[in-house]
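Worksheet: the structure to be examined is printed underneath.
Naming follows writing order (A, B, C, D, E and F), and every chain is counted from residue 1.
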């Protein structure tokens, strides 16, 4: 499929409405490549942005924790783009280098112990059933 | 391999030292199945516990955030035991149901957008290179 | 290991027989890098090609659906080479940009709901047991 | 977190509106466990259902192809619940046993060749760059 | 799809030929569930068995190492059936409990450091390019 | 976070002690990028190195088998850095091209049959329960 981003200046009114909302919500001058590539499929662009906006808004968890969770998933999946963009997002939201170091340590250990639990075929403790 | 847990009463002095440290650190009466199964390999038991204890200690990130990161990784990997035990751990550390709901929402979205970034083959923005 | 492709002109008679069959079956002038690299291990090259040829032939599912399934798996695994080559294959088999957009939307949602099912630990409905 | 499903009879008006829409759209008498467990977090239930409904509607791809893509992703991720529910969904949408057999064959091969491409470190052919 | 195994006594001549070859090659009285379920799709059964037989035969690597590699992949993917069957296979091929413990330790560490490499975004050393 | 490696000449005494131990243990003149990037978080560097050193030491499994297991996991996870560095490590420990070919063949097949077991929802044989 045409693998070129759609820039704001070439975007339809429908796409611009989404791009404008991203820029306003995130207070940035331009949207990331992620949105410019998704713009090839306007329905996916719109639905994804609306979901992300709802999910990443402050709530019971603060935005920094949410960004670090995003990094944890992206690192586990090995998604290069996502690691880069959400590490930047977490940093912008206040992640210090010490916090990043601990984040990596936890993600690494979780991936290790996930496999130890699999390999030793550990049955779930009754106390954890609920 | 013999897939039976090693209970405290049958554990060697070496294993008991690890079990005792787990019980003391976590203030629990007995250790989870995870440790009882790992006990089949005392070197792995000891090394894993020492790493976990260091990594999950309070630091730049608080214990609740660390437990939620653990859940995020375990859910992404689909590790049933780990999801059960660390959801319990996060709850014990203060996770409310609203926090759990948002945690799941973020983990779900991150897994979705990780694939959208892969599929649309989005190149990393120069700003995220560093 | 020597990470260089084996080109047709340097290939043994055994390798050329496989390369010729790929070219004839797919009606292409040259084989992709995938086959030139696998050629380092002739047994794996031959076995893999014979399996792929059998699996991807028209049958109960048409070739376009098979290529899109290949993209779905490759995007989920984050295999860059496979995403690129099978997106090209699907396009050649008739995938339009609208179809690609919907393919990505389904793959994204499936990866999201897979994790929601994991995280909420949803038990299988009795009706789905069979 | 309380790991019990929310049944229709105990659901709030807000949840019932979503459950009713699922039942109407899918023409079923009751919703699956997936929705009853997600109901613990009404915002995630509503957002997920609205996305699924949009994504799985007939479009450039027909519903059967979409269900088979869902199975392909779920099998790759090893999500037991999702494999069971979407295999049932695909069967309901017309998947025959021969189609299921070919679906599995493609998913298996794709997972194999994804790793061969990784392990032989195959560079992307210039023709696949776009 | 009908999720019931096909037993030898109910198998067609075509299926019995594969079952007989498995029993002869592995010197067992009956085949595992894996083969009885795959038998629903005779083409996949036959192709998969022929590939497995070729791949797992003694060669440059001995059968025990091959079985342990199978366990390593299955543990990483979290495939319960495959962990159980290939752990049994490795044990039959000579894996001791000490070897199992070290296998798990390596698989765990590899999964941990894979994520650390992802998260710290470590560029490949020039010496590893070839 | 600052994505630049810490070279030996700029390293603190604490980091140099780890770097020196890596160089001595592995008999190399300089450490890999992996360690130079991890050095941003001295606690993670130290803990990871000590674990790797213990896990990869000769024991019930020889170092070549351990390196091949590392490659198997890294290929399954699609970790580019880890595939490159541990393929080099395995080669240094004695892996021939024929061994590499068989390693890839086993890893590929394991990833394929893991998905067939998932998709056909094969129940664990009673004999494999222990």
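Methods note: a residue touches a chain if its C-beta (ideal position, glycine included) is under 8 Å from a C-beta of that chain, and two chains touch if they have at least 3 such contacts.
Fair warning: this is a prediction, and the values are worked out from it, not measured in the lab.
Novice: Can you list every chain that touches chain A and also touches chain F?
Specialist: Neighbours common to chain A and chain F are B, C, D, E.
Novice: So which chains count as neighbours of both chain C and chain E?
Specialist: A, B, D, F
Novice: Matching A-F on over half of contact pairs, by residue number: which of C-E, C-F or B-F?
Specialist: Duplicate interface of A-F: C-F.
Novice: Of all chains present, which has the mean Cα position farthest from that of chain C?
Specialist: B
Novice: Consider the two chain pairs A-D and C-F; indicate the one with the greater count of contacting C-beta pairs.
Specialist: Between A-D and C-F, contacts are more numerous in C-F.
Novice: On a CA-centroid basis, which chain has its centre farthest from chain E's?
Specialist: Measuring from the centre of chain E, the most distant chain centre belongs to A.
Novice: If you average the CA atoms of chain B and of chain D, how far apart do the two points sit, in angstrom?
Specialist: Between these chains, centre-to-centre, one finds 27 Å.
Novice: Averaged over CA atoms, how far is the centre of chain C from the centre of chain D? Could you give it in whole Å?
Specialist: Here the centre of chain D sits 20 Å away from the centre of chain C.
Novice: Which integer distance in Å separates the CA centroid of chain B from that of chain C?
Specialist: 34
Novice: Can you tell me which residues of chain F touch two or more of the remaining chains?
Specialist: 2-3, 40, 43-44, 47-48, 51, 55, 76-80, 84, 87, 98, 101-105, 107-109, 111-114, 116, 118, 120-121, 129 - these are the residues of chain F that touch more than one other chain.
Novice: Draw the chains as dots and join the ones that touch; what shape do you get: line, ring, star, complete or other?
Specialist: Contact pattern: complete, every chain touching every other.
Novice: Across the complex, what residues on chain B touch chain F?
Specialist: Residues 2-3, 43, 47, 51, 54-55, 129-130 of chain B touch chain F in their complex.
Novice: For a test of understanding, state which residues of chain B touch chain C in their complex under the given definition.
Specialist: Chain B reaches chain C through residues 71, 75-76, 78, 80, 83-84, 103-104, 107-109, 111-116, 118-121.
Novice: Which positions of chain B touch chain E when the two form their complex?
Specialist: Its residues touching chain E are 1-2, 40-41, 43-44, 47-48, 77-79.
Novice: Give every residue of chain D touching chain E within the complex, in rising order.
Specialist: These residues of chain D touch chain E: 78, 87, 91, 95, 97-98, 100-102, 104-105, 108.
Novice: Within the complex, which stretch of chain B touches chain A?
Specialist: Touching chain A from chain B are residues 3, 32-34, 37-38, 40, 44, 48, 51-52, 55-56, 59-61, 65-66, 68-70, 72-74, 76-77, 79-82, 84-88, 96, 98-99, 101-103, 105-107, 109-114, 116-118, 120-125, 127-129.
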